[in-house]
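To start, I am sharing the structure in question, which I have written as structure tokens.
A, B, C, D and E label the chains in the order they appear, each numbered from 1.
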């Protein structure tokens, strides 16, 4: 029989030794930087753009970036909740068009150009579409939300076209225009709106039970059911929320163009989904953060803005945007590996030090 | 056998299942099962792999709906149509597949669906009281003496035994009437198993909770169960009062070696 | 190579003889934009006046070539008496239109010609390149210096691309410098954000030409919120939509090149009926372009209102 | 102690009794019909359309349906493999454009109008794009194929625009035109192509090891790795195949229009994905069939064709198509429940009978 | 203890692990582990929950990469960088999480990665020989005597024990050099457990295969293991030759109750 020595007493030791104190400090700093995660990524991209084009960092332009990213950011915040439950909402873009047209009906039909009517109508119309999505998915026992939301992508666009008669409705209330294009100093109101919404989503997702349930459902839907989470109701509410975000985005789009038009928001859901995924959420559910999502939307917005500033031709923009997205995500993969590596090294240090 | 709650013969069982039938397509998992658990009783549910034990308890907790048969709580017929319903009736279970949330940490796992909030009772919209939950969790886990290196780590990355301990801790924490344990010690170490068996013995005594224990380990059954029911191929084929002497009979009933064993167990 | 050969010929004539009621299928690029709704209005009025049944169809967007092909194919299957088509992509529609001709269905093209295809009965419209040239000429009338930004539609969409090309080639020899050439997918909101970015990199831009009115109006919003005075910048769109007219009336948009969409629609149906009734028609009917400016906007606007399509066309 | 009787001897019995023989036969027939699954669904939809419009069932029109569904069907067969591995390929539509332009370069640059050059070039170009997708996803350790294929959606479109200069290339070889619009009697060649491809995919997926591995990876990627499946290579090959399907679809599209143009195939991947999901595949991987996919593509094609025949306006088509998709999938949900129900009843019968 | 393969002291071990260290971020799962298994030996690997047993065997099978340390097969250093590599070296494992394909049927599950094809050996592009596989499967399962109502049913719908039996059958079928069993009987019934223990005893004798058995059940360890190694918190804290007499010592080592126990076990 091979006698195996009792190693309990012996210190683990190993190659990792030397001046633990100094190394540790460097390590600690490196870890802190690397753990900034997507924010770090955004900083890198912005630095590159600033070097390529000095205009990029001007306050007005940063305001533009914020304004341009705001619609995608608002959609992405709604999409985030959906994706955390392992779902998808393909209808957001069309719902922008539908809810902005519905909101604008007050103007076209009754000539009531009032933010107090138009804004809530848009949000509610979006919520309604989301409610249909959620109910079809949950109560209709459909296997995946891809189908009901794809159907809504078509239906909402159709309804927008039918109701509007294919014609834009121009002349939004001042409140809507302010949200869409107004600024406080350099800061667009739309960015303030995004910040408020992000805070709200953060609270909903991380501070109250409902958010906890969303993560639980994404992690293990069957288990959530077993421990008494009202899975169906939570899922429906998530799609309603995503629709309401589309309705909110409709306000910004209408304000930006001073009009509601039935072709608005085409395919914006793809950008929103991309933002959420770039921000580190998982399509398989249970993972995703508000900050990551905002950063994802900003990354897309920043790249787009940079390409426009440099007057890159549209066909080259496609290539550049696609490439940049891949590089950004690839950087994040490298970053998170580095983080794991650094953690292990720190553990080694600590153990060797004690 | 440690404690034997003496009962008048007419006592109404806390939980009773009558004529339970459950079919999955061509497979008949339950072919007419009757079962009764009394207050403070620890009932062993034995049987070979695929005998229908897990299916039976899933029917009781509302995960599956019975095709035929009924469930009675304290003598009243109830329709347990969802796990939420069962939880509201005070029935908790540790499922064989554990039903954990791999993406959440230990504390969160224990409280999903029963979160502590400020203000209390605001279902869904209460502010999470994470501090209270984390405090509670540590206490709970201390009872079971599981070694968890990192309470904030995701449960998905934990070892098999750590995961099972978390699932057991969760069920023990919230059971008020009936606690169902589907092979709760299968992945547990020696000491953790001992602790869980202790808990199983203590809960009925201290809180009058009834327990259904599914186990393949005769020693455990003998140690903690007041009664044992044996299933085979979706039917109850016998019952006995577990003791070191009847252990062999139980095994015979489970395996289906001798028909007589069932009767022998009874008459004992 | 078409299965409809035998059936198509017989009924095509029979329909005309029997009920004196012809069916003309009109397949436009799309019915979801103001320009095409205007065309549709002309088509409906033309059909009503001539007493024929008109069916209107269009793809869900100008870029959905395949959809339009399917719709033409459906019209062939229904054995209509004549086809009026506005091809989303010229050559790409040719094969299916050849099938129509093979099935004895006369084909009339509207808005977009298929160069070099002699299977068509006629072409009604002005080409987009010409509209661009007109825009270029209008710009040169106003100024021959400064810097221009052009905003394209969906990249690769021939109609919007040739508008831009026409304008750029017209001003090529002047002192006007092209400082930005970006696409905004024919979307108003994108027109706004692209313009906002252009104003960053080129604050001195003095002329903006957008391939349609929607993008021009979006660009205007960006110009307004950047605080640039309207007088300092020349903004031109294409299509002459009612929103553009309203903007010109309000003194914001400077000009829009209108392609007389209503006339295109109306004329094409009238010619189709004439053809079915045995007449001969011209090979090419130029419906011309109108330069709508702040001066004639009001007048053009009231004309538009008269010609507006019935509400249900959009449906 | 409660004595529980030994029930082994007693027959289970129960309410399900009576004339088992007769009931059984009815049951058996019902089960057979219900198990036809998606095919049953397609039959119902076709019956409805035939009633609404007598033209629908004419052989020419059925040929049209086949032709119109063929592009989506070809894409969907590639997408099926991807979805079975729990992936997604968003780039197919753009890859159609890119590979048709690449194929047409022989014509534009060298005036070589030969099917022997154009056809393989298109397929290879598609495979190349798929290879890039797969490699980025697998070797780049990206968390989900959504991102690389979304990037390819943009890049391939950009490349198509750049290479073509935004201009269509007209005048395809005869072989391409034949595949795109030729017919044998009423039967379009494109339908024959789909049939051949479907058979090939069926064999790959169900009859050889590679297909087995695809299902295994979709069921449990980590387990597949543990039992020695070359997961990375299989995943890459699946994206290559999906790209090659897009290249094949490019042949049909080019043949239908006698040209290659850079805006071709726009968003067709969404229809392809919808077809696969309607056909019963799961987004979470491991499930999906060739027949279901074909039926899914046909359902979409049939509905679209029916709407065109009835000359439904495009905005209403959006509404109708969306609604029809939901109804179709909902019907399938009902159908599969009925199937389970019938099976249970039959089991009861059998047990009561014996 | 049933069979004791007598060996010269200098025999080269079939599988040896030296100084294995594995860290998961801040958690050190293995803190320098040495382990050796000889030909035909059944080695018990014991330890509390979270001791690092599963991590150790995952490192051996290439699922995890060691941060430090080396793995030797028949005395030669090998780099096991993937499970495929381990499989090629003749190492098979039943993992604690079973690693089954829930969407596939029983036969397919057994053969994924090692499909029988016509012509043989055409990796990836061979025609699946489903008939041969299905025939084989029935034979394999008969040895373990598991009751499966429907061989064509998806494994995802089977009972806990049925699933485990399938995983065990798979590993047993393909092991050529070393078979690693991570709590292989945790979910098994009485009879199935007996059969698996039989197999564990027979394989070394009949085919010279070495076995590493992870188990929390002292009875089983005593019944089938030639040697046992005890881990605690990522280290090996002792080893012993299991027998009814040393069972108590082993438990003490696992629990870490008495340091002396480890030594006592050794000196015995």
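Convention: contacts are C-beta pairs under 8 Å (C-beta built on N, C-alpha and C of every residue); 3 or more make two chains touch, one makes a residue touch a chain.
According to UniProt, the chain labels map to these proteins: A, D = ABC transporter permease; B, E = Sugar ABC transporter ATP-binding protein.
Model, not experiment: these values are computed from the prediction.
Between the contact lists of chain A (ABC transporter permease) and chain E, the overlap consists of B, D.
Any chain that touches chain B and also touches chain C is listed here: A, D. Using the mean of the Cα atoms as each chain's centre, the chain most removed from chain E is C.
Farthest chain from chain B, judged by C-alpha centroids: C.
Each chain gets one centre point, the mean of its Cα atoms, and the points for chain B and chain E are 29 Å apart. One simple way to say how far apart two chains are is to compare their mean CA positions; for chain B and chain D (ABC transporter permease) this gives 45 Å.
Once the centre of each chain is set as its mean CA position, chain A (ABC transporter permease) and chain C turn out to be 37 Å apart.
Shown for chain C are the residues in touch with two or more other chains, namely 31-32, 60, 155-156, 313-315.
Multi-chain contact residues of chain D (ABC transporter permease) (touching two or more other chains) are listed as 157, 161, 166, 314-318.
For chain E, the set of residues touching two or more other chains reads 26.
Every pair of chains that touch is listed here: A-B, A-C, A-D, A-E, B-D, B-E, C-D, D-E. In the complex of the two chains, the chain E residues touching chain D (ABC transporter permease) come out as 61, 63, 82-84, 87-88, 93, 95, 99-104, 108, 112-115, 117, 122-128, 170.
The residues of chain E lying in touch with chain B in their complex are 24, 26-27, 47-51, 54, 96-97, 146-150, 153, 157-162, 165, 182-183, 186-193, 216-218, 233, 251, 254-255. On chain C, the positions that touch chain A (ABC transporter permease) within their shared complex are 31-34, 36-37, 60-61, 152, 155-156, 179-183, 185-189, 191-194, 196-198, 200-201, 214, 217-218, 221, 224-226, 242-243, 246, 311, 313-315. Interface of chain A (ABC transporter permease) with chain D (ABC transporter permease) (complex): residues 90, 136, 140-144, 146-148, 150-155, 157-159, 161-162, 166, 267, 270, 273-274, 277-278, 282-284, 314-323, 325-326, 329-330, 333. Note for the complex: chain D (ABC transporter permease) touches chain E at residues 207-210, 212-213, 215-216, 218-220, 222-230, 285-287.
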